[in-house]
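Shared between the two complexes below is chain A, which has chain B as its partner in the first and chain C in the second.
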Partner chain A sequence: MEIKVLEKDDSNMRFLVKGVDVQYVNTLRRLMLAEVPCMAIDEVVVIENSSVLQDEFIAHRLGLIPLKTNLDEYNLPEECPCKSEFGCNLCRVTLTLDAEAKEGTRTIYSGELISENPEIVPVKENIPIMKLTKGQKLKLEAYARLGRGKKHAKWQPVSLCAYKYFPKIEILEKNCDNCGKCVEICPRKVLAKTDGKVEVRDLMACTLCQDCVEACPKNPPAIQVKWEKNSFIFNLESTGALPPERIVKEALKILDGQLKEIEKQIR
Partner chain B sequence: MKVKILKETANELKIEIEGAGHTLCNLLQKILLEDENVDLAGYDIPHPLASNPIVYVRTKGKAKPKQALLNALKKAKDINKEFSKTFEKALKKI
Partner chain C sequence: MIIPVRCFTCGKLIADKWEEFSRRVKAGEDAGEVLDSLGIKRYCCRRMLLSHVEIIDEVLRFYEEAEKRREARGYY
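The block that comes next holds the complex of A and B.
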């Protein structure tokens, strides 16, 4: 097995895996989407709402604001020792919003949500929640909890999580007359025409769409696009709730836990 | 994750895994099918929302189906562990 990180920053990560089955990578992908927990607003108590939007509508919008998550300090409500429906300090974070438009129409942004824990705040301060016009007020208390993406998409720590096969492009030079049709049609600019022949410029950008093969006037085509069976390029984009490498590590931990649990029970 | 044994004979095993889905079962099926003692392995989710997957294993000759499943679980754990280690190493390299 071989893994190479191709790109990484605070919220994105792209890595290359070699020597694993597609079923295993797919399991990881599904775990990241549906089982790695993160924080989201789950319950809202509206104290005052004189805006044009209904309470439920606002609650839904609040739920979809990604929150920075600390998985080490908080428990999933169903696993918390408090066993209470309302929650305790270990499974719930309270955020408050008290906004009023005193001078005319204005937009309320996620940055106006005040959290009791300065670590659990919206990932960005400039996510618009709604507009208020002069004299309107919105006052509410929101409770954020940990949850899993399989219950609601607001608990999904990733906005993009996908893999593709590692491409393999073969150009049969003796059949190719260097017409350049394949270079022209490629939407990802993978191929380049250099003196006398066609070359692969950026292999990893290839999406395996096969457009170049179809465009080739030769029969059989002088270009072939295939893929390596056990090599993948994994692309991951976090919503900002958790760092991307943490999401991968959590998925690995969850899988290990599930396998151990089944093993224990059938032994 | 709760496991219920629905059927167990000398060569067959049928279990229901509460709370699992394609995520886990597809991986298990693939690993089970790699085992040369396994005659048939598969899973079914009778209803996409309202039911749990049912995993079925049938082995050849004297091989015990339960053992085949345990071997598959062990193999999956090993792959996971190796991935984990390799991933940590790859993170250190950047």
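The block that comes next holds the complex of A and C.
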């Protein structure tokens, strides 16, 4: 297996995987979506709410706010030694909000949530939670827990997690008359005509749509779009809860654990 | 009612970008270009901002008017 990181910043990652089959990358993708845990608000106690929207509406909005997660410090509630429904400070983080509009209408932002652990905070400070007019109040206590995407999408650490086959474009030079029809139709501008000759400009952008093959007036087409066997481009976008490379590492760790579990069971 | 926190389809956080988006579009910028500069690439997320109407502002106007009346009564 060979991995090459093509692009990476604090929330996006694009990498090339070679030498694995489709089952393996798909397993990885599904683990990242459904099994890699992250923090999200799970329970809300509303103490006072005189805003125009209902408690459950606000609770739902709070749940969807991505929180920065520290996987090393916290346990999943079902795996925590405390075994309590309410949770302990190894499996739960309390966030409080006490907001009032004193002078006219204002927006309450996620930055006003006060966390008991300064590391577990919303990924952005400017997410509007609610709008209040003068005299309205919103006071609540929210409990964040670790969870998994398979239970609720708010616990998904990724907002984009997909792979595609590595494209392989062949232009048969002896049949091609460089008419440029394939260049014109390509939606991703993969092909380009330089010095009167059609060439591949940006191979990675190709989506394997086959439009260029269909547009080619030659029969059989002078261009062929195929894909490399066992070679994939993986695209990952984190919600900000975890850094992308950590999501990949966690997915691999979970896969290892699951395989060990199978081994134990069939013995 | 109020801008959804995440994209309905993919789950990307979009609520934090709404205020900048609406301010810049109101100032006359091209909506597509604003979305590009905010780093919103997929069309599922783009439609979240493009098609959003902040109805809560309309609702809050009733409360603001009621408040104004209450104040006016207090003065006289």
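We take it that the second predicted complex is superposed on the first by the 267 of 267 C-alpha atoms of A that agree within 3 Å, B and C clash if a C-alpha of one lies under 4 Å from a C-alpha of the other, contacts with A are read in each partner's own complex, and residues count from 1 in each chain.
By our rule, a residue touches a chain if its C-beta (ideal position, glycine included) is under 8 Å from a C-beta of that chain, and two chains touch if they have at least 3 such contacts.
On a predicted model such as this, the values are computed, not experimentally measured, just so you know.
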item: Partner chain in contact with A:L255 - chain B first, chain C second, else both or neither; value: first
item: First (chain B), second (chain C), both or neither touched by A:Q265; value: first
item: Partner chain in contact with A:M130 - chain B first, chain C second, else both or neither; value: second
item: Partner chain(s) touched by A:N219 [first = chain B, second = chain C, both, neither]; value: neither
item: Residues on chain A lying within both footprints (that of chain B and that of chain C); value: none
item: Residue ranges of chain C in contact with chain A within the complex; value: 1-7, 10-13, 15-16, 18-19, 42, 56-57, 59-60, 63-64, 67
item: Complex contacts: residues of chain B adjacent to chain A; value: 1-3, 5, 15, 17, 20-24, 26-27, 29-31, 66, 69-70, 73-74, 76-77, 79-84, 86-87, 89-91, 93-94
item: Chain A - residues contacting chain C, complex; value: 52-53, 57, 61, 64-66, 104-105, 123-124, 126-128, 130-131, 133-136, 153, 156, 158-160, 237, 239-240
item: Chain A residues within the chain B interface of the complex; value: 1-5, 8, 15, 17, 20-21, 23-24, 26-28, 30-31, 34-35, 245, 248-249, 252, 255-256, 258-263, 265-267
